[in-house]
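Each of the next two complexes has chain A plus one other chain: chain B in the first, chain C in the second.
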Partner chain A sequence: MGGRILRIELLRSVAPLAALLIAAAGLFVIYAGNLPEASWMDLVVRQRTLLVLILPLALGAGAWQGIRERRSKVEELFHTTPRPRWRRVLPTAGAMAIAAVATYLVTLAGATGHLQHANGYLPASAGPLIAIGALSMVAAVWVGLAVGALLPSPLTSPMVVVAGFVALTLVPNMIHPTGPGSPGSPGGYLFFPNLQVPDLNEGKVDTGAALHMLTGRANLAQALWLLALAVAGLALHAAARPATRLAALLPIALGAVVAVALLPANLAAAWVDNPHATELTCTTDQPRICIPRAQSHMLDKLRDPAGQALSILDSKLPSAPVAVTVQIDERADDTRPAADTLLLRLELNASDAALTRDRLLARMLEGGGVPLCLSLMGREPTSETTTRYMAARLAVVGWLLDREPPQRGGPEGALAIAALGALRALPADQQRARVTALRDAERGCLTGDRLDLLTGSGTNG
Partner chain B sequence: MVRAVSTAETAPTTYGWTIQAEALRVRAGRRMAVDGLDLSVDAGVHGLLGPNGAGKTTLMRSIATVLRPAGGTLTLLGEKVSGRLDLRGIRRQIGYLPQEFGFYRRFTVREFIEYIAWLKEMPAAEIPGAVQRAIERVGLTDRAQDRMKTLSGGMVRRVGIAQAIVNDPAILLLDEPTAGLDPEQRMQFRALLRELGTDTCVVVSTHLVEDVAAACTDVVLIDNGRLVFQGVPADLSAAAGDEAGDGDSAAERGYSAILRRHRDKQVK
Partner chain C sequence: MRALALYLRSRAVPATVAVVLGCAVALWALGRTVDHPLARALAAILITLAATTAISHGLAGPDHDLDTTAAIAWPPRRAAHIIVAGAAVLGLLAAAALAGEPMTSIGQLLRNVAGLTGLVAFGAVVLGAARAPLIPVLWTLLVLGSVPEPPARPTYKVIFTWMVQPTDNRTAMLAATAIAVSGILGYAMLGSRR
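For the complex of A and B:
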């Protein structure tokens, strides 16, 4: 029978309406963001920060439901029934909890339309973030139920919405003078279910949250703390006597103590690199491509150009690579690949425009299939050193493809055309030798002017 | 309509009176609204009459276990109601329509009565049948699927009666049940009362003397928290004798005559 009552409450309590409104509000805010979220992890973290808006609403919905017995004037009648209060409130609390979890998950599912690659990498570390977000919603509706039942006034519900919003927005900025974003922010920020994200990519190119995760300890601390809040809320709502109500507050103290023991001293320490996201996964068929998990959705676009690039290199140069490995461009360093591997650097969130067949092929063939040496780049992107370096690498692309070198709109373009002309003027075996020499210099990041190597009157001239 | 009857229901009662009050005192706020009341009732329909403020509703609420006695004794179904007693057993056998009957507006009629049946800890298997029977007895079958908020005042009152009888209570307490009912519905309600009264102790609190005269087997008149008169309706009608008094019917004249005599006695 409890199941039937639960079904009635799911239909007739404020739960369905609140779920609809809160999900709509959450989705509105997510879609109002101009740019789609770059990765699943970015979306999952975004939804957790969005709790600042939807948690107060969930709290208000709980309070509204908590006032129902007073508002409907059924208290006297219910008081004469044998079923104790704690049993009576369970179906209502259950319906509210189901609605709260559903709201969180439906919002997430709906928000995938605002995700760049819904087929992108969904790390396992997103699981705890989603689960804890949903748990915080349950805690909010249950605490709301308790507040509503204890302060049965029509004003209670709007008041707790405002109070919740103020608590979640103002208090974090009062804890530390520079807020959660600074390096010295305390781990206590994790008491807030709306995630306070430190500067994750300090000193590096910004890759959002995609390559990061919250430590297991931090997740556990948050989960236990929110569980304590939820249990206290439910117990407070179910308690019929003042003494039991006082006892119902005990979990809060317990949860706080445990959470404090688990939390790191520093908020930034709670966020770590996710090794799983950067780990390579390799295809088993040809062409063999190894790609970081975080970029695995690009694989389909890579197969064709990778096969083509490998076969061109094989036909035109000695000791050509037989496999392609993708490196996250934002995390690139000058670690050189083995001779049998073509290393391709791709931006973590490369746009579809950057992933066309032609552009990918050109990028793979640059420098003879070797990524550029960052240490050889001039300080200024337009410096002569850089321009000559880039021109030489692009001329090789033109030579390998038997066409004009690709144009990137910079000053290196004209230089590359001239260099290719000079290269083609040489005898065929000379051409091949010079391109091979350039490629080998790139493989070792050797110093020296690459344009000279390709066309000059140097050792090979 | 056939239903399963449990052994508990058919077992002979081991107590004397269904409801027994001795020198009962019950507080309503600061006032002692029931003050030294003696009353014993059993199965039958008992019309509880009295002027405003006589303590009718306070008495009903104390029998419904909303209020605890402040003095004297109240024995329900053989159990003495006191601070120590676990009331759950008694409450399973009580049906109560409060004076101000609240309900959940978004529930359908059937859902609300089902909910109350669940609160009364009825066995799950019995609930659907019992709910249907209660809905039929108050004549709301065609509105069973409608939301409570769409019902008229009289229909809400009938839902109130249905929820009170859904558990086939041994004690049925109806506080102003006929308020908002039209004449036809009131006649149907009286018929229902007579039917219920054969095996249930029904206490109906009302202002309407003619309701009592028409449907009750027993009249209880209280004033200032004390019992003034208890007898069959015919006694009430006869009480006026040849005195000229206020009232349009014999019962009403009897009612005012009894009250007047009682008050005169108190003044002396």
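For the complex of A and C:
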């Protein structure tokens, strides 16, 4: 019996139409954003922040459904039936909840088209974010149902949409003068189901949300708070007497108390680094490549150039590396790789243009397979020290590949060509010794001018 | 006089007036509590939206068939109804928004009330009075959700985001006028869908 009514309500209530409209609105806004999202985590967080728009609409849909009996002028008729109110409204509420969850998931599924790498790393910590987003949709439609039933006016629905939007957009600005993005904003922002993301990369290069996660405690607090709201909304909608309605508000107070106890004092404390995202995973076949999980989608593009780079190094230099390890450029430090490892720095969201075979090969061979020493870079990127340093590293690429050094449009290009010419003028065993010396200097981040090392007046010969 | 009072009552005007007054009070209260200039502009747009959609309630009588049997010319009455309603909303909101430190300019308020009233009227023609708020609410929320800053070009984007454009943007003003005129004309001619 209940199942049949639920099926009818799924078809005949406002649920399917509202789900369609809200999902379309969400997708419109996601696709209207200029750039595709860089990672799954960015997309999941984007959808949660988008709740600012979606939740008011869900609230309005609930309210619209909540005034159905008044609109159809059957209120009095239904009051005369002996069936208790809660048994009557439960299938409707169930249908609305199913539609709400479906809306959230369909929007997410549709939004994957606006994701740069759908085969990229999907962290487990995205699961709670999605589940809580869907839960907030259920809470919104049930609270909407309750408001609609309590204030059965045709104006209720548009008014709760606007009121919801005001609450989600303007109240955060009232809590803290500069909003949630500023340091020191309170953990109370987590009461808003639309995620308020603090400045995750304070003082570091921006990597979006990909390397972060919300703590379990913060997720739990949000889940309990939204569950309390949902239960209160449903109870308020199902209650027939004023006394029960009052009692139905109890979960809100309870949820608020529990959430306050669980929430951190500071919003930034709720976001932590996701160690799983930066952990290296290694291939088992040759060439052996170790890559952080967050960049694992680049693996296919790396295989060929990695194998090539390793064999070039093996044929031209002594004690060449046998494996490639990828380091996230934004998180790079001067930790030196082991002698058997070629360390490659790649931007977290490196574009496909940067991942062509030629460019990857050149990057891997730079400095003889050792990444740039950040400590040796001059303070200004255009200083002469830096230019000479870069030129020496590029000249090595040219020497290893037996062609002109790759040009990046900087002043180091011409210098690298000249250096390569000078290097090639030397006897073959000297050339090899000098490139090895440069690589060894790079492996230790030793100070000293690398261009002199490569082409200087033979003190290293 | 008695006919007018009965007409107003049948069109739920007391409830609408109460809601619009509530909106004006909310706008005034937000003006006192919100400091950030962008948030103040957002508050003005949202409250304008709420107050204008409140008009929708009175765009149809309780009995559509009864209205059609009346031997009176409805188009001028419908036009008068919606124009007076829009003007009343504009007056109340202007009083609230411009008292003290202004939240928006009178030009922007006029444009948004006119355009949104046109959308509500259009919604009543297409969807019926009860569902009429759907069009202005969805449009405005989509604009607020998808554009962090009002685009200055291309033209179709300016037209799409007419309600958030600065006061001196002629394209937005023209778009709002076109929406207002066509919506009100359409409603006056055709009335609300049953």
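Annotations
Basically, the second predicted complex is superposed on the first by the 459 of 461 C-alpha atoms of A that agree within 3 Å, B and C clash if a C-alpha of one lies under 4 Å from a C-alpha of the other, contacts with A are read in each partner's own complex, and residues count from 1 in each chain.
Quick note on the criterion: contacts are C-beta pairs under 8 Å (C-beta built on N, C-alpha and C of every residue); 3 or more make two chains touch, one makes a residue touch a chain.
Owing to the predicted nature of the structure, the values given are computational and were not obtained by experimental measurement.
For chain A, the partner that touches more of its residues is C, with chain B and chain C as the two candidates. Look at A:162: by the touch rule set out above, it reaches chain C but stays clear of chain B.
Of the two partner chains placed by the overlay, only chain C lies in contact with A:57; chain B stays clear of it. Legend: residue contacts after superposition of the two complexes on their common chain; A:88 is shown touching chain B, with no touch to chain C.
When the two complexes are overlaid on their common chain A, residue A:154 makes contact with chain C while staying clear of chain B. In the superposition on chain A, contact is made by A:32 with chain C only, not with chain B. In the superposed model, A:320 makes contact with neither chain B nor chain C. When the shared chain is aligned, no partner comes close enough to touch A:18: not chain B, not chain C.
Comparing which residues of chain A touch chain B with which touch chain C, the overlap is empty. Those residues of chain B whose C-beta lies close enough to touch chain A in the complex are 61, 64-66, 87-89, 91-92, 94, 96, 98, 100-107, 111, 114-116, 118-121, 124, 127, 163. Against chain B, the residues of chain A that register as touching in their complex are 1-2, 4-5, 8, 12-13, 68, 72-84, 88. Taken together, the chain A residues at the contact with chain C in this complex read 21, 25, 28-29, 32-33, 50, 52-53, 56-57, 60, 71, 153-155, 157-159, 161-163, 165-166, 169-170, 173-174, 177, 179. Residue ranges of chain C in contact with chain A, taken from their complex: 15-16, 19, 26, 30, 33-36, 39, 42-43, 46-47, 49-50, 53-54, 56-57, 129-130, 133, 137-138, 141-142, 144-147.
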